[in-house]
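Shared between the two complexes below is chain A, which has chain B as its partner in the first and chain C in the second.
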Partner chain A sequence: MSKLLEGSRCLVTGGSRGLGRAISLAFARHGARVAFTYRRDTASADETARMLRDAGAPEPIVLQGTVTDSAHAKQAVDAVVSAWGAIDVLVNCAAVMQVLPISLLEEQDFDNVMAVNVKGVYLFSRAALRPMIRAKSGSILNIGNFSSERVIEAPVHYAASKSAVRGLTEALAREVGRYGIRVNLLAPGMLDTGLALGMPQHRMREYIDQCPMHRVGRADEIAELAAFLVSSESSFISGAKIAADGGL
Partner chain B sequence: MTAHERLLNETTSLCRTCKQAIPARVVADARNEVWMHKRCEAHGPQSARLSTNAEWYERTRAIRPKSAPVTRETRPVDKGCPFDCGPCESHAQRIRMPVVTITSACDLDCPICYVHNKNDAPFHMSRDEFGRVLDSLVRESGGELDLINLTGGEPLLHPELLSLIEMAHARGIHRVSVCSNGVRLAKDEALVEKLAKLDARIALSFDTFDKHTDRAMQGAALVDLKHKVLSLLDRHGVDTTLIPVMSRGYNDHEIGQIIEMGLALSCVRHLEIHTITYTGQGGASFDRSARISMFEVLEAIEQTTKGLLRTSDFVPSPSAHSLCYQIAYLLTDDEGGAPLSFLRFMERDELYACLEDHLYLEPTARLEAALQDAIDRVWARGDDSESARALRMLDRLVRTLFPSEKPLDAKSSLRVGERAAKAVYVHSHMDEDTFDTERAYLCCDSNCYADGKTIPVCNYNVLYRDKEPRFVEAPRPWGPRSGGARSLPIVTDARRS
Partner chain C sequence: MESHDDILRAGFDEYREFVNPLIAQRAALAGEPIKIVAARDGLLRDVEGHEFEDFHGTQAFDHRNPTITAAIREYLSTSAPSWYPSRVNPYAGRLARRLYERTGYDNAFFGCTGSDAIEAALKFARMLTRRPRILGLEGAYHGCTFGSVSLMAKGYLRDPFGPFVQGTESVPFGDVDALAAALAPGDVACVVVEPVQGEGGVRALPEPFIEALCELTQKHGTLLVADEVQTGMGRTGRGVLATERWPRRPDVVVMAKQLGGGIMPLSVMLTRRELFLKAYGDDFASGESHNNTLGTTAISCVAALAALELLTPERITRNQELGAWLKESLRDALTGSPLFREVRGVGMMMGVALEPPDHPWVSFEHLGFETSGVHGQSLISPLMCHRLYRRGFFCFTCGHDWSLFRLQPRFDIPKETLERFVLAVKDELAFIEGLQ
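Right, the complex of A and B next:
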C-alpha cells in the first residue's frame, strides 16, 4: 500500500472512539503523525493511543477537552504546531447525536447539538487556519452525515447541525482556497460503529433495505477515503461533499 | 339451557371424568354470568362458570386475533381436536411462547401443581435433545426467536441447566427464561450470580404474602424464602418474572400487593398472573370453589391496586385467543411516583398493534412510532398536570434509551426498556371443565419436542403429560377418543375491549 500521508501532521477531533479512531489509525498507517482530541472517555483515548503506536505512528498527541471550548481548540492546534512545527490536516469528527422527537426537543438539547456539531467545527477550523494560512497550505475535512440530505428520519437538531456543517464547508472552501487550503465534507452513511450503534435495530434494517449495496458501511473504508481526501492525491478537490453511503 | 339463558356459542369441550371430547354450549345467564354446559353420555351433565361478566366476555371474545398460520409441517386431522396435536393442520397460531420441559424432578409437591412430575429416576433432557428442540424452534421462527421458557418440574434441578441456557443464547434467542420455585436459589447465591452472568431470566412462582395461604397452595411456608430469593435476584440484577397463581378466596385479595411489589423491585420485568387450573398431580384435586375467571382477576386487580390498573388498562394478546391473555403495560417513574399505564397515554389500538407478532413488546418500528405518536399527542394536549407528568416520564425513557454520549447496544437497550416499562399479563389456563377447542386452535404457548412436535400447553397439561413415561410412573393409556371438528368461526366484530 502506498502511503498517502507520509510525514503529514494531522489533528483529529473526537478521535478516541468510533469513526474518529478509525480515521486516526488510517492516517497512522499512511505515515502521518497523529494528534487527537477526546472529551471524557480516557480509557478509550489510551487504547487509541496504544493502537496508534502499534500502527507505527510516532508518539501521538492526546488532548482532552470539549470542542465547544475555544481555548481548548487553540491549545490543541498550538500543541501540534509546537510539537511538529505545523499542522497540515484537521479532521472535524467530534459530534453528538441524540434521538429525540420534536416534542421532547428542548432548547438546551438543540443548543448542545449545535454547539458540538457546528460551533466545534468553526472553533477548530478557525484555530487551525492561522498556521495553515501562514503556511499557505492545509486540508480540512469535516465529517457530515447522510441525514443532512437524504430522505430519512433523523432528529431535527442533528440533521440541522449536519446541514449547517455542509454550508460551513462550502463557504470556508471558497474563502480560504486562495491560500491553497482545501476544505471538504465527507458524508458517510450508516456505519458499523459510533453513533449508529445507538439507533434502534429496525432503523439499521431499514437502512440496509433502502441501501442499494444492502449493508452498512465499515469505519475502516470511510477512514481510507478520509486519508485520500486530505492527501495530495486529491489536491484539486475542495468545497466538495463526498458521500460514502452505499448509493443511498 | 334454561329460558333465562342466551346462547353465545357452541364449541367442543372435554368430559371432566373420561376426558372424551363432547359438544358444549356457552351461554349467558340472567345474572350476567357465562357458563359452559355439556353432557357426557357416560358421565352425565356438567357445567362450569367461565366468566362473571357476560358483556366483557362477549366483547373480548369478539376480538379476532391476528392471523398467523403455522408455517411448518402439520399433522392431518385424524381424531379431531384436541387429540391430533403436533400441531394439527387446523391449528391457527404460531408459537410465541415455546416451553421446553427439561426435567421431571421437583423439590416441592404443591397442592396447586398443574403438571405431573417424577422424582424416582427423574428425566433430565440431554444437551443433544435440547439442541434439537432449539434448532427446530429457531428454524420455525425464521432465525430470530424472542423467547424460550424452560420448565419442569423444577428446572434448577437439571444438572446441566447452565449449559442449556448457554446453548439457547448461542442461537440468538432474546430471552431465556427459567421457571423456578426458588428453593435452590435461596440456598445458593453463587448460582444466582451465575444465572446473572448468563443473562438468564427467572420466572419465580410467588402466590402470597400469607403463610397459611402459602401452605394451602404450595404445601409449605415459603414466604420468607421467596423474599430472600427476590432480594438475591435483585442484588445480582437477574431479570425476573413473577408468576402468581390466582385462586378465589385464597389470594385474590393480595394481587394488588403482589403487583406493587413487582413494580417496585428493579429486577422484575413482568408479572404473569395465572388463573388456577385443575390439572396435574396437585391441581386436579384442589378446592374447586377457588376457580377464578379472567374477568374476576381483572376486577381484583382494579380493586386492589387503588386505581393504578383498571380493567380498561388491559388489551388481549393479538397472538392468542383473546380470552387467554390480557396484557397491561406500565411506565415506571424513577422519580418515585406511581407507574402509569400505557393506555393513559397511548391509544388502545396502538398498544394492541404493537403486540402483534410478539408476546412481549419488542423494540420495533411500530412501537417506536406508537411511542412517538403518544409523546406528540401528550405534548400537544397541553399543560395539565397528568399530561405534564406523563411527558416527563416519557422524556426520561427516551433519553435513557438513546443517550447522546455513548449509544446502548441492542441488548442493553432491551433491558433499559424493560426496566422502564413493566408488563402485567393475566393468563387464563384451561382444564377439562373449561376446555374450549376454539381457544386451543389459537394457542400460542406450546410444549416443544426434539422432533419438532409441539403441543399447546393446555392440551398438554390436560391430556398429554400423564401419557409420558418420562413424567409419570404409570402413564395413563389413551382411551377411545374422538375430538371436535373445527368450531364455529369467531365473530369478526373486532373491538379492543
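Right, the complex of A and C next:
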C-alpha cells in the first residue's frame, strides 16, 4: 500500500472512538504523525494511543478538552505546531448524536448539538488556519452525514448541524482557497458506529433496503477515503461534498 | 487476565454484538444510561461522570454494598470450597438456618433466579399433593421458565411460548368467587400469588382476597405459594416477608433478587420440613429428584448472609415509614395534573399510574418505535422514564402495564434524594402535559 500521508502532521478532533479512531489509525498507517482530541473517555483515548503506537506510528499527541472551548482549540493546534513545526491536516470529526423526536427535543439539546457539531468545527478550523495560512498550505476535512439531506428520519438538530457544516465547508473553501488550503466535507452513509447504534431495527431495515449495496459502511472504509481526501492525491478537490454511502 | 478497564470500555459494544442487539438498541433509543462504569456511595456513574439513582429494587442494599463485598472478600481469603460434590454445603446450611430464624420456615431449596425457585415450588406442590392443577392470578409475573411463564399474564411475555404446562390456569385478580370456584373440585396442587404484583402494575392483593385465599387453600388442602421475589427481604416494610401477618402463613415462599445482596445470583424456596419430608421423603432418590448443580455455592450464601445481617428491624421499619412518606408526597405533588391517576404500592415498592398525553407527536410511532412491537401499550411510562433518566433517576416500566412506572429504591436512600425525585416527577409530568 502506498503511503499517502508520509510525514504529514495531522490533528483529528474526537479521535478516541468510532470513526475518529478509525481515521487516526488510517492516517498513521499512511505515515502521518497523529494528534487527536477527546472529551472525557480517557480509557478510549488511551486505547487509541496504544493502537497508534502498536501500528508503529510516532508518539501521538493526546489532548483532552471540549471542541466548544476556543482555548482548547488554540492549545491543541499550538501543541501540534510546537511539537512538529506545523499542522498540515485538520479533521473535524468530534460530534454528538442524540436520538430525539422534535416533541422531546429541548432548547438545551439543540444548543448542545449545534455547539459541538458546528461551533466546534468553526473554532478548530479558525485555530488551525492561522498557521496553515501562514504556511500557504493545509487541508481541512469536515465530517458530515447523509442524514442532513435524505433517506432517514434523523433527529432534526443533528441533521441541521450536519447541514450547517456543509455550508461552513463550502464557504470556508472559497475563503481560504487563495492560500492553497483545501476544505472538504466527507459525508458517510450509515456506518457500523455512531448513528446506527441508536437506530431501531425497523428503521435500519428500511435504510438497508434503500441502500443499493444493501449494507452499512465500515468505519475503516471511510477512514481510507479520509486519508485520500487530505492527501496531495486530491490536490484539486476543495469545497466538495464527497459521499460514501453505498450508492444511496 | 482480562482487564476491567478494557471490559468497561469495549464490553458495552460487545454486548450489542454478541448478546442481544435489541436490548442495546432499545436502551439507546430510550436514552437509557448505558455506559455505566462505576458504583459509588449507592449511586451509579456513567462514563461521562453523570450519576444515577437506581430504582430497580435488586440493589436494595446499594450497588456493591461495602459490608457485602467485604464478606465476599473475606470468604475468598479462606480455602473453603465454594461448591461441594456431595451437595452437603455448610454455607447453604448456615444460610438456611438464618432464614429460618428470620422467617420461621425451616426448609430451604436454593437456586440462582426467581424462576428457578418458582419452578421448584410448582414441582414441590405437584409432588406433595399429586394433584394436576396449578392456579395463578391474572396480571402475574413469576419468571420466564416454562412453569412460571405458564402462569404469566397474557401478552408478549407469554403468548409466543405456548403450549403451556398442562393444568396451569389463571384466576381474575382479587376475585374471591372465581378463586372459590376454581378450588372447589379439590384437584388444585397450589395457588401462586404475589403479595404485591410488580410487573402487573404494583397491585397489592386486596385484604378480603387474602383472607379468602388463606381460608380456601387450607380448606381444600391446596398449597399456598407466595412469590416474594419482589416483596421479600423487607421491601414492603411489613417484615422480612410481606406475608408475615397474613391470617395463614403461606406453605411456600419464594425469594430472590436482593437475597444475594445485589452481587450474587441467589434464590430460595422456603417451606416447612414436615411438608418437605412428606413430598420428597420416601427414599434417597426422591429426596434429590428436583435439583440443580450450581444453585448453592458458598459465595452466594456468604453474600446472602451478609445481606440478612444488614436487614435489621430498623431498616424494615424505615422502609415502611419512608415508603408511606414517599407515597403521600408523590400524591400531593401530582394531584391536579390531568395525567395523574394514582400512586400504588406498599413500603418501598411503589408504582405511579399515569394517563398518556393526547397528541399525535407524542406517540410510539413518532418516537421511532415500531408500533407492532409495543402491543397496544401506553406510551406514558416509557416516556416518563426517558425524562427521568435525564434527571438522574433510573426508573422502570411495569412489564404488563406500561401506564405505570415502578419505584423500588435502595433501602438507605437519603430522604433528600426522594424529595428531589418527587420534584423531578412533578416537573416532568408538567413538561409532558405541555406537549399536548
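Here, the second predicted complex is superposed on the first by the 246 of 248 C-alpha atoms of A that agree within 3 Å, B and C clash if a C-alpha of one lies under 4 Å from a C-alpha of the other, contacts with A are read in each partner's own complex, and residues count from 1 in each chain.
Keep in mind that, in the parts below, a residue touches a chain if its C-beta (ideal position, glycine included) is under 8 Å from a C-beta of that chain, and two chains touch if they have at least 3 such contacts.
The shown structure was predicted, so the numbers you read here are calculated from the model rather than taken from an experiment.
Participant: After the alignment on chain A, I want to confirm one thing: do chain B and chain C clash, or do they fit together?
Facilitator: Overlaying the two structures gives a clash between chain B and chain C.
Participant: Of the two partner chains, chain B (first) and chain C (second), which one does A:Ser103 touch, if any: first, second, both, or neither?
Facilitator: In the superposition, A:Ser103 contacts both chain B and chain C.
Participant: After lining up the shared chain so the two structures overlap, which partner does A:Glu47 touch, if you call chain B first and chain C second: first, second, both or neither?
Facilitator: The second partner, chain C, only.
Participant: Give one of first, second, both or neither to describe whether A:Arg218 is in contact with chain B, with chain C, with both, or with none.
Facilitator: Touch partners of A:Arg218: none, neither chain B nor chain C.
Participant: Check the residue A:Lys74 against both partner chains and state whether it touches chain B (first), chain C (second), both, or neither.
Facilitator: In the superposed model, A:Lys74 contacts neither chain B nor chain C.
Participant: Which holds for A:His202: it touches chain B only (first), chain C only (second), both, or neither?
Facilitator: After superposition on chain A, A:His202 lies in contact with both partners, chain B and chain C.
Participant: So which chain B segment collides with chain C once the two are superposed: 22-30, 94-102, 130-138 or 166-174?
Facilitator: 94-102
Participant: Just which bits of chain A does chain B share with chain C as contact spots?
Facilitator: 40-41, 98-104, 197-203
Participant: Report the residues of chain B in contact with chain A in the complex, numbered from low to high.
Facilitator: 363-365, 368, 372, 375-376, 378-380, 391, 394-395, 398-399, 401-410, 413
Participant: So in the complex, the part of chain C that touches chain A is made up of which residues?
Facilitator: 5-6, 8-9, 16, 21-22, 24-26, 28-29, 31, 47-49, 359, 361-362, 366-370, 373, 383, 386-387, 435
Participant: Which residues, counting only chain A, touch chain C once they are in their complex?
Facilitator: 39-41, 43-44, 47, 98-104, 153, 197-203
Participant: Which of the residues in chain A end up touching chain B in this complex?
Facilitator: 40-41, 96-104, 112-113, 194-203, 206
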